[in-house]
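Labels for the chains are A, B, C and D, by order of writing; each one numbers its residues from 1.
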Amino acid sequence: MKHEGPVYSVAFSKDGRSLLTGGWDKNVRLWVTADSGIVNKIFFKHQGIVITAVFSPDGNKILTASYDSTARLWDVITKKQIHSF
Amino acid sequence: MKHEGPVYSVAFSKDGRSLLTGGWDKNVRLWVTADSGIVNKIFFKHQGIVITAVFSPDGNKILTASYDSTARLWDVITKKQIHSF
Amino acid sequence: MKHEGPVYSVAFSKDGRSLLTGGWDKNVRLWVTADSGIVNKIFFKHQGIVITAVFSPDGNKILTASYDSTARLWDVITKKQIHSF
Amino acid sequence: MKHEGPVYSVAFSKDGRSLLTGGWDKNVRLWVTADSGIVNKIFFKHQGIVITAVFSPDGNKILTASYDSTARLWDVITKKQIHSF
């Protein structure tokens, strides 16, 4: 579940319990604090390097930017892509 | 309306309803959540790659940085450039 | 007073009235909204490209990162460098 | 205690009293305001260039991204690594 290659972006959610990481391997990973430690809950796939990934203010959405010529909006609850820009 | 080439910057407005994207194609795009989905409301043009774009705290202005040797301040309401730095 | 070369970083202060820009020309510029428009109040000099510049939460300090091997903390009130890291 | 090579990332904690710097020399440094000035309290080591470093909302954790193919979560209190992603 680890990243391959450089990690370019990290972010905390506002409550500090969720973390976002993204980078060279085209994946955006969402990590959540659990009793057992930090677990990988979701990962979203781009088709190119991920430059930056941010949480929405309410923490329910993620917005990502990539070398694949898209920005994408993802839903943390349904785990699906909402929109590709 | 889609971006061409890498997208370098994404941001949410504080209320989470507006989104900013900018990148290689020299455009900064503002997207707004509507009943019909996410719609592109405005786009602002630089003359070089857009490196970063941020909302003002009240969401009414946008500040952008570009390889065209300028930072620019834009008004979301009037859709016009306020200042070029 | 304009930047030369790419602008890499922009930021708003929390009250939205001050703006920071920095980039290739080694300068960090602080701009303030006045009745006469946006005026350049201060600029701070690095000895290398400025990668990023951020306001302190109270808006009275600025922290900058540069290719000159330093991060620097600046005082907006006294207009002087507080520390070089 | 100074950085060697370009500094890529700077951040303030929410209370404005702690500062983070990271960059080419693979180190992330945490600086704290003291009566005697700004002192270096902790530094965390990556095995590659540090691209970005951010504070958790409560200021007790730090999340860092590096060219060493990891993002890492650090505890400011215990000064230890909590997790490597």
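Keep in mind that, in the parts below, contacts are C-beta pairs under 8 Å (C-beta built on N, C-alpha and C of every residue); 3 or more make two chains touch, one makes a residue touch a chain.
These numbers come from a predicted model, not from an experiment.
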For the copies subunit A and subunit B, the interface residues, called same if over half of the numbers are used by both and different if under half, are different
I need the rotation angle between the copies subunit B and subunit C from a CA superposition, between 0 and 180°, in steps of 5.
90
Rounded to the nearest Å, the gap separating the Cα centres of subunit A and subunit D is 21
Could you grab the centroid distance between subunit A and subunit C? Build each centroid from C-alpha atoms only and quote it in angstrom.
30
Enumerate the residues of subunit D that touch no fewer than two other chains.
none
If every chain is a node and every touching pair an edge, decide which shape results: line, ring, star, complete or other.
ring
With touch defined as at the top, which chains are paired up in contact here?
A-B, A-D, B-C, C-D
What does subunit A use to touch subunit D in their complex?
2-12, 14-16, 19, 21, 23, 29, 31, 37-38
In the complex, subunit C touches subunit D at residues 48-49, 51-58, 61, 63-67, 69-71, 73, 82-85
